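The same subunit A turns up in both complexes below, where it pairs with subunit B and then with subunit C.
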Partner chain A sequence: MKKILIVEDEQHQRELYAMELQEEGYEVDQATNGKEAVDKVKANKYDCVILDIRMPEMDGIEALGKILSRDKKVPIIIYTAYSNYKSNFMTWTADAYITKSSNLKELKDKIKELVSTRS
Partner chain B sequence: MDERKLQLFAPVILILTIITSISITIMLYLQKTNIIMIVLSCILSATLITLLIIFRLIHKVFFTNNIRKILSVVDNFKKGIFVQPSNEIKGNDLLSKMYGELLIASRHLDNIIKSQKNEIDKFRELYNNMMFSMNAYIMALDFNNKIIFTNELFLNKFQLSPSEVNGKNLSDIFYFLTGTVLQAIEEIKSTHESIILEKAHLISHNRISIIADIKLSFMISNNEPQIIMVMDDVTSKTKRDYQISLITRLSETIQKDDALDHILRTILTAVTSGTGLGFNRAMLFLRDDKNNILYGRMSVGPDTLDEAFSIWSSLNPLKGKEILSRGINGDDVHGRLLKEKVESTSFDLNEDTIFTQTLQSGETIHITDALHDQRVNDEIKNFIDVNEFVIVPLIALNKIIGILIADNKFNQMPITQDSVDLLTVFAYQAALSIETYNNLELLKKEMEKIRHRQEAIVESEKLAAIGRIASHIAHEIRNPLVTVGGYSRRILQTANAQQIDIQKIKKAAQIIMTETERLEKILANVMDFTRPSPFLLRFNNINEIIDDTASLLSNLFQERRVELSLQLQEVPLIKSDFNQMKQVMLNLLQNALDATPPYGIVEVKTYSDDKKVYIEVSDTGSGIVEEDIYRIFEPFYTTKTTGVGLGLAIVKKIISDHNGDIKVINKERGAVFTISIPLP
Partner chain C sequence: MDLQNVLKSTLVFILAGGQGERLYPLTKDRSKPSVHFAGIYRIIDFSLSNCLNSNLTRIIVLTQYKSLSLDRHIKTAWNLYFRESGNFIDVVPPQQRFDENWYMGTADAIFQNIYIIQHEKPTYVIILSGDHIYKMDYQKMLKYHIEKNADMTIAACEMPINEAHRFGVLETDSNLKVVGFEEKPQYPKPVPGTENAAFVSMGIYIFTTDKLVRYVSDDHKSDSSKDFGKDIIPKIYETENVFAYNYVANEGERAYWRDIGTIASYYEAHRDIISISPILNLYDKEWPIRTYMEQWPPAKFIHNEEGRRGIAINSLIANGSIISGGYVEQSIISPGVKVNSFSEVRGSIIMHGSTIGRYAKIQNAIIDKDNHIPEHMQIGFDLEEDKKHFMVSPEGIVIIPKSYVQ
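Right, the complex of A and B next:
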């Protein structure tokens, strides 16, 4: 079973993604900020990381760098309410940049794509 | 012999003679005569007749002499001789008395005349002294304007000899006279009333010029009517007054007026305005280094002698105001040809001429005989077309920007050092004005550039700000929308799948509600910032507001384990809106609390000086990143993970509405926000 880490400070959203992805058949782990995410990546192996940008303690962009320095191969999807960070070159190091939507289809499709190419 | 006795004696003799004659005649008639009687009677008659004849003779001799004497006295009177010979007539008769009286009157008259002559002599001496010592030119004219007399001072001043003046017409001596002088001469011929003229201008044919106060009086001498002109020379005084008044007026004009053309025209007009003070013509040339030329910028002066006369006649040399306003209008009908000529002329800066020499050396050049002066080349000779002229450099801050050329083309008066000095002063003013104007123009251009750049910056900043605002609002709204949408979808899915789990639906609905409320709050926040709220300025105690806010937040501070310390001094009341100031304190304390880790301190201080009340809010957080410090008051700028970024923007707006100021600095630990609000 593929293991996915959801990094999101908004509880309702985080829980929504978790429910939806579990129903898709993924094992889901959750982190509420960048720092937690980096710790979890250190401790576990994930097949995909879904990363929000604006979070307390450590934001997504900082976490992105730290996660990549730990695990260069883990696919990372930036999933954010910001549409303008797509042009920020730091986010280019992520595998995908998706603007949040109430329809999770785009996110699910991307996870599927990344997880399958990895295996 | 007494005259009266003589007069009595004569009729007695006459009667006796007649009686005798009658007696003889009667005796002869009666023929009772004897020869003795007849002889006696005849002798008697003859004696009587002889006596009568003798008496007449004596009488005649005696009277005629006396009358002659009297007549000689009267004759002497007629001749003005009053002192008579001492041989008096003796006797009591009327003639003697009359003669005696005449002699007494004569002595009286003699005394009177002697004393009057004495007085006149003294007066004449005084008069002569006065005339001699009077510093005035005196001239007497007859009614044909022919000069009868001039004093020595006049002759000296105008370098003329009596023969060159006497009998000559006024116009033979004077080349120019202020119009009012001729008018006054005509007037006095009919009215005989004295006239005083102030500051009349006279130029002689040999180019001697004076400005004089003239008193004209009427007089009759040797039965001939005459006009006496006493001229008080006020040239140098007038010149001084005039220069001072011109310079004063000029500097006033320059200060008031920023149009260069007006200033330059004023200067040139001033230089040429006074008939006997300034020049006839003035021409301004400026250097143009880009094109390497010296070009004619402006000129003032008449084109013809007629124009010159009409200008001089119409102007009072001391009325600077009038002259300068003429200059400012610039619509002078005179000097069109000169203007055209000057403004179409330029000289090569590379050529070595007196013009370029003045430009290089900065020295004034005074040409007295252009025709024979080697320094003046043909081009300049043709251009100037006058034998004497002066070139003055325009020196502005050690830079020579042009030249001023002036001459006396029309009255041909020699250019005096005085005039050159005056010209130098005006050239200096002109140069400064030009330089100031140029600098101002340059400054205006630079300012314009800066303004354009600023506008561009503001524009791009505005765009950036709009971008930030849009991005923030989008982010803030998208998050709850995503949640709302996501959970709605789930409800729909479960409904479609017909596996309704009430608990799940309830939870989803709850989340939707919460997120919707959040959306509403965001909107309210944004609206709060943009909507002008009613502003109620009352006298409030700022400490009260702080206490109020502190108690409102005390639970929150306790929860986060942050200490809230209030150090409030007595401060004057300030005019403020209570609720808005509460909003300010709420936002600042909330921010401070958010920035401060557990066990930190948030401190609020108040204090005042004689002008302002200060509120200081400090925290022990991480402070503000240098690059953010200028932007934290911008709307929609935030470093927090939640919130629209309007808190500090709202604070700033409210403080500005109170005419106050808010500043932020980082201290060793944390940040300090200081608000200052002026006392009413």
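Right, the complex of A and C next:
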């Protein structure tokens, strides 16, 4: 089973994504900020990481670099309410940048595409 | 954008992390860009002077191994700007933001410093190597990059085809658009319209910023060697606008470029410089080469008796040195060197603070800093004997490391 890490500080959102992705047949892990995410990536192998940007303790931008230095091939999707981080070059190292919407279809499609390339 | 704004929105990276293994033992205690050259300079002074003369004043020097002497040199010789003016020469060691490892290759060095690009927000990024001896007007190349509407421009030097196999060879169409690239090919492709010359990459690149970031970020996720020559160029020319910049045609009579890769090329570049009218003209007021100058008194030549005459011919003699009744020919004498009576120095490079004892005879040697050659010692005459004590290059150049003979 493909394993996904959701990094999101907002509890309701995090749990909603987790539920929806479990329904799609993924095993889902959760982290509430960047620091926790980095620790989880150190300990586990994920097939995809869904990463929020604005989070307490360690934001998504900083976490992105640290995750990649642990596992540079893990597909990372930035999933944020803000589109302005697209101009931040650090986000270019992610595999996709999706702006949050009420419909999770775009996110699910992207996950499907990316995990299929992960061996 | 007018020229002033173009220059302001250009960021220069000088890659100064080269270990320079093939220049050992000159690189025993220093990185390649900080190896001394022509008595008073260090190799990196050439790239930095080119920047200064091209009015490029936002410069990042990326260091890695043995960076202490380089760091110190840049702080003393190149402390030119107020940070507040928006101009800077910053020495940046690996920050390990992305990776706990040191830089894997040239592209990785840029990738690991993306945050600097993010912070400075340049429109163009120039990437230079800190270990070449050359003069080049980067402003001209930048104009060319803009005129061609290029995503990447690679400085290229025409080279005899039988020597090109040691370099990255560019294949271009008649507009100089890059249509092929091979790193160290067995059979280099010739420049269009010729048979005997090939365009080799000089390792000098200009990128439009977003393309640079895109390609180094993608490359980071691959299993490549993370090198511009080996990994980025072979990919980028296939989809983007990549042009070659003909260095010699643009630079004219000032064109001189040497990659100081080996002891032999280092030694040869010095032979160039002591020739009567070298192409690399250090007296060119239009294109001065800047360095750090310690306060020394002028060079001094003393004694004038038969057999004990302080003489130097076809040589560069730096301040602070004393030719005291010794004979110097075809050599470079660095600051603070003393050549004592009845000694002879030919075809050699003597670095800072070394002394040549009475009756000593030196030929075809590189004597690094702070060596004290004893009286009557002979170096460069019996190579088998020299090999027992020092390093001797395949070409027969004897090298004595820093502070080795006391």
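Assume the second predicted complex is superposed on the first by the 118 of 119 C-alpha atoms of A that agree within 3 Å, B and C clash if a C-alpha of one lies under 4 Å from a C-alpha of the other, contacts with A are read in each partner's own complex, and residues count from 1 in each chain.
In this text, a residue touches a chain if its C-beta (ideal position, glycine included) is under 8 Å from a C-beta of that chain, and two chains touch if they have at least 3 such contacts.
For clarity, every value in this text was computed on a predicted model and none was experimentally measured.
**Student:** Let's test your reading of the overlay: on subunit A, do subunit B and subunit C clash or fit side by side?
**Tutor:** fit
**Student:** Name the contact category of A:82: first (subunit B only), second (subunit C only), both, or neither.
**Tutor:** Once the two structures are laid over each other on A, A:82 reaches subunit B alone.
**Student:** Can A:12 be said to touch subunit B (first), subunit C (second), both, or neither?
**Tutor:** first
**Student:** As a test of reading the superposition: which chain, subunit B or subunit C, is in touch with more residues of subunit A?
**Tutor:** It is B that touches the greater number of subunit A residues.
**Student:** Please indicate which partner A:115 is in contact with in the superposed arrangement: first for subunit B, second for subunit C, both, or neither.
**Tutor:** neither
**Student:** Based on the superposed arrangement, let me know which partner A:102 touches: subunit B (first), subunit C (second), both, or neither?
**Tutor:** Touch status of A:102: first partner only.
**Student:** If you stack the two complexes on chain A, which partner ends up touching A:58: first (subunit B), second (subunit C), both, or neither?
**Tutor:** Neither partner.
**Student:** Give, as a whole number of angstrom, the minimum Cα separation of subunit B and subunit C in the superposed three-chain arrangement.
**Tutor:** Least C-alpha distance: 12 Å.
**Student:** Taking the two structures together, which residues of subunit A meet both subunit B and subunit C?
**Tutor:** Looking at subunit A, the two contact sets are disjoint.
**Student:** How about subunit B: which of its residues touch subunit A in the complex?
**Tutor:** Against subunit A, the touching part of subunit B is residues 467, 471, 474-476, 478-479, 481-490, 511, 514-515, 641.
**Student:** Using the touch rule from the top, collect the residues of subunit A that touch subunit C in their complex.
**Tutor:** Touching subunit C from subunit A are residues 65-66, 68-69, 72-73, 88-90, 92-93.
**Student:** Can you list the residues on subunit A that touch subunit B in the complex?
**Tutor:** Residues in contact with subunit B: 9-10, 12-13, 16, 19-20, 54-56, 59, 80-84, 99-104.
**Student:** Help me check something: in the complex, which residues belonging to subunit C touch subunit A?
**Tutor:** Result: residues 97-100, 114-115, 117-118, 213-214, 217, 220-221 of subunit C touch subunit A.
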